[in-house]
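Below, each structure is written out as structure tokens.
What follows is a pair of complexes built around chain A, which joins chain B in one and chain C in the other.
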Partner chain A sequence: MRHEIRFSGFGGQGIILSAVILGRAAALYDNKNAVQTQVYGPEARGGASMSAVIIDDEPILYPKVRDPDTYVIMSQQGFEKYGCNTRDDAVMLLDSDLVHDRPSCRYVGIPATSVAKKELGRDIVANIIMLGALTTATSVVSGGALEKAILDSVPKGTEDLNLKAMKKGQELGIQGESS
Partner chain B sequence: MRHEIRFSGFGGQGIILSAVILGRAAALYDNKNAVQTQVYGPEARGGASMSAVIIDDEPILYPKVRDPDTYVIMSQQGFEKYGCNTRDDAVMLLDSDLVHDRPSCRYVGIPATSVAKKELGRDIVANIIMLGALTTATSVVSGGALEKAILDSVPKGTEDLNLKAMKKGQELGIQGESS
Partner chain C sequence: MQGNIACAEGALAAGCNFFGGYPITPSTEVAEHMASRMPKITGSCFIQMEDEIASMAAIIGAAWTGARSMTATSGPGFSLMMENIGYAVMTETPCVLVNIQRGGPSTGQPTMGAQGDMMQVRFGSHGDYSIIALCPSSVQECFDLTAKAFNLADRFRTPVFLMADEVIGHMREKLEIPDSVEIIRPKTLPEGTLPFTAGPDGVPGFAPFGIGRFTHVTGLTHDERGYPDTTNPACHESLVKRLVNKIENARHEIADYTIVNENARYVFVCYGAPVRTVKEVVDRMKIPDTGYLQLKTVWPFPEELLLRFPNVQAFIVPEMNLGMISREVERHVSVRVIPVGRIGGELHPPEELIQAVKIAGGDV
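Our next item is the complex of A and B:
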């Protein structure tokens, strides 16, 4: 089973780090193969940020993202670029305050940035809330693997904050606005 | 002209961030094409870290690293894995305190971690010293592009420290132990 996960948002949201953490979770702790890519294009020039992860049970011979089945979208611009032409069977997690449109595929809306700011005091962990939601809304990565990969990757001293964000995301992944 | 740059070291040295910054410099500010990849493998399980960037004047149709022409190596383990079988015409930047062996290809040894700690007070910027050295020891990225990409990528409040590290690396790239 091959999963292609596309992350998109704006600079400063931790879009690349999200992909790095997800790839690490899958490869090191879920015992799968993973490749994380970051293709710099014109969109990056506008302050947009984009990254991707391919996760597969088998070795990954073709490391280019062709047609994602999973999206994590944290800006309206990111939705406009990647969200309008998804596969019918794709799943999208979107920040429901920052993305105004809704996709034709299944989606889960998470008010990640506003919850990060209001309940956790730091909007910088919105990306970790989105990753937490990914573990309950999809099967691309397990909660246990994600927790370990977060602990490996976040700055020392911020572990508790990030684990709180992950758990908040897991709750919201079950309860969030969805189709 | 296609360049493949391989970074290797251990977790916490900023090996992935180095690749992200380099790709950003090339694509956004040197007007080239760039793909940054992070393949998670068994080596990552041992605390090793590895990343790569492909930079090309032409669109990158094949995003897999085949045979790097440029290496940035920040641990002895990284050297043992990637440094022993390089192309004869490759160039390697290595942290001369952390890597004990020397390659058969051309190399520049930079005491990045010890200079970062002793002269800048923070060993975390050793990777930025290595990137600075890359701009004077090779032509893969320009100094101006690197400076802008560093400013885009490092945490707010650390810009001066990181630019000092870059400039220190540029000096050391000229003066460092080399073959």
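Our next item is the complex of A and C:
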């Protein structure tokens, strides 16, 4: 089974880290192959950011995502630049407060940034909420693998906060506004 | 793990204990990782120099103390290193340079991939010489080939270049780190042998500073004692021919490659990131009559490998430049050579190579 996942948002949201964590979860803990790439521009914060992961049972040869089946979109600009030409059978997780448009494919809207700020006190974990939602709204990665990869990747002292964010995302992945 | 970090880890696994460098996108993670790892390893030294000229000088000096030394850079820094690269060649200093290639000329495209330095690495410093250049196409090869580069540098007493690119350097994928890597150190210089007297393979033994031998090291044309002899044509000819031949005559030993579908009519010759597209086209999509030669060693150019394809009608050479190694292929074969040069920073998509196969087959 092969999945191509594209993440987009604005610089500073942790779009690249999200892809790194997902790839790590798949490669090290779900025992699959994964390749992570990104659009790596000089713009650091604020501009449209994109990163991508391919997850496959087979070795991954061509490393760039070309035809995503899964999207995680966290800004309107990211939607316009990377999320508006989806294939019909794709699924999109979007931050429902920050993305105003809705795609023609199946989607799950998750108010990740506002939940992160209001319920967890730190909007910086919005990306982890989105990753948590990915485990319940899709089959690209298992919850157990994601949890281990998050713990590998986040700064010491923030483990509990990030795991709470993941769990919140797992709930929202089932309950969120969807088509 | 990221390709750049795999380069750093491959170097450390090979016992690299001196890194002198100056950060530059897209190679910075190599230096950054070495800066974090090396202070924790006894006997290791990381130093950030004031620029790339000094970085290259530092790794040459470190090598002459017996260290396994390395630097990492990209195009603009690589240009600055050219003068001292010639000095390393002339003084037969074993060292490793990682070049994570980006779009040029000049500062060009700092964050985009390219393979535009493939001729510069071969010919960029002045005078006649040869070097060894390796090209990884995966994170695993970043690790493996960087480790191997140190052995080749010591075996042949020459700078060895890991010519990666931004695509591979910034990509993350699975890496299996071996329990240990093979380490080959330079031949020692036997007692009573002059410091630049070479064996039959053209490589002199190495007596680094501090072991009690007093070696004169100069970039001037020198005799076997190491003393300048700059107006004697015979001395210059024998020295420079030895520097070239110690590498060119060892092409077979140095060549690291993969051949798939020897009987193919349309054969890709590829190195670095475009290997990934070639594998997609040949191994996964199984486009009929296609095969490939992946060069992990690009220099010295292993020309004999081109003769391994008895049915070839055309060689297709995809590169992230406007045609560099394709010219090298052309020099050695009589069949058609189709360069597929792509610049701008993005890897060739599979369709571009399938189109080249159609052109080779006369379908277009």
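Throughout what follows, the second predicted complex is superposed on the first by the 173 of 179 C-alpha atoms of A that agree within 3 Å, B and C clash if a C-alpha of one lies under 4 Å from a C-alpha of the other, contacts with A are read in each partner's own complex, and residues count from 1 in each chain.
Basically, a residue touches a chain if its C-beta (ideal position, glycine included) is under 8 Å from a C-beta of that chain, and two chains touch if they have at least 3 such contacts.
A quick note: this is a predicted structure, and the numbers were derived from the prediction, not measured.
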Overlay on chain A: chain C relative to chain B, clash or fit: clash
Partner chain(s) touched by A:A27 [first = chain B, second = chain C, both, neither]: both
Touching partner for A:V140 - first (chain B), second (chain C), both, neither: neither
First (chain B), second (chain C), both or neither touched by A:G11: first
Partner chain in contact with A:D152 - chain B first, chain C second, else both or neither: first
Which of chain B and chain C A:R66 touches, first, second, both or neither: second
Partner chain in contact with A:A165 - chain B first, chain C second, else both or neither: neither
Which of chain B and chain C A:Q38 touches, first, second, both or neither: both
Colliding stretch - chain C into chain B, listed as 130-138, 184-192, 256-264 or 310-318: 130-138
Where chain A meets both chain C and chain B, residue numbers: 20, 23, 27-28, 33-38, 40-41, 63-64
Sites on chain B touched by chain A in the complex: 11, 16, 20, 23-24, 26-28, 33-41, 44-45, 63-64, 152
Residues on chain A engaged by chain C in the complex (per definition of touch): 20, 23, 27-28, 33-38, 40-42, 60-64, 66
Chain A contact footprint on chain C (complex, rising order): 26, 110-111, 166-167, 170-174, 276-277, 279-280, 283-284, 346-347, 349-350
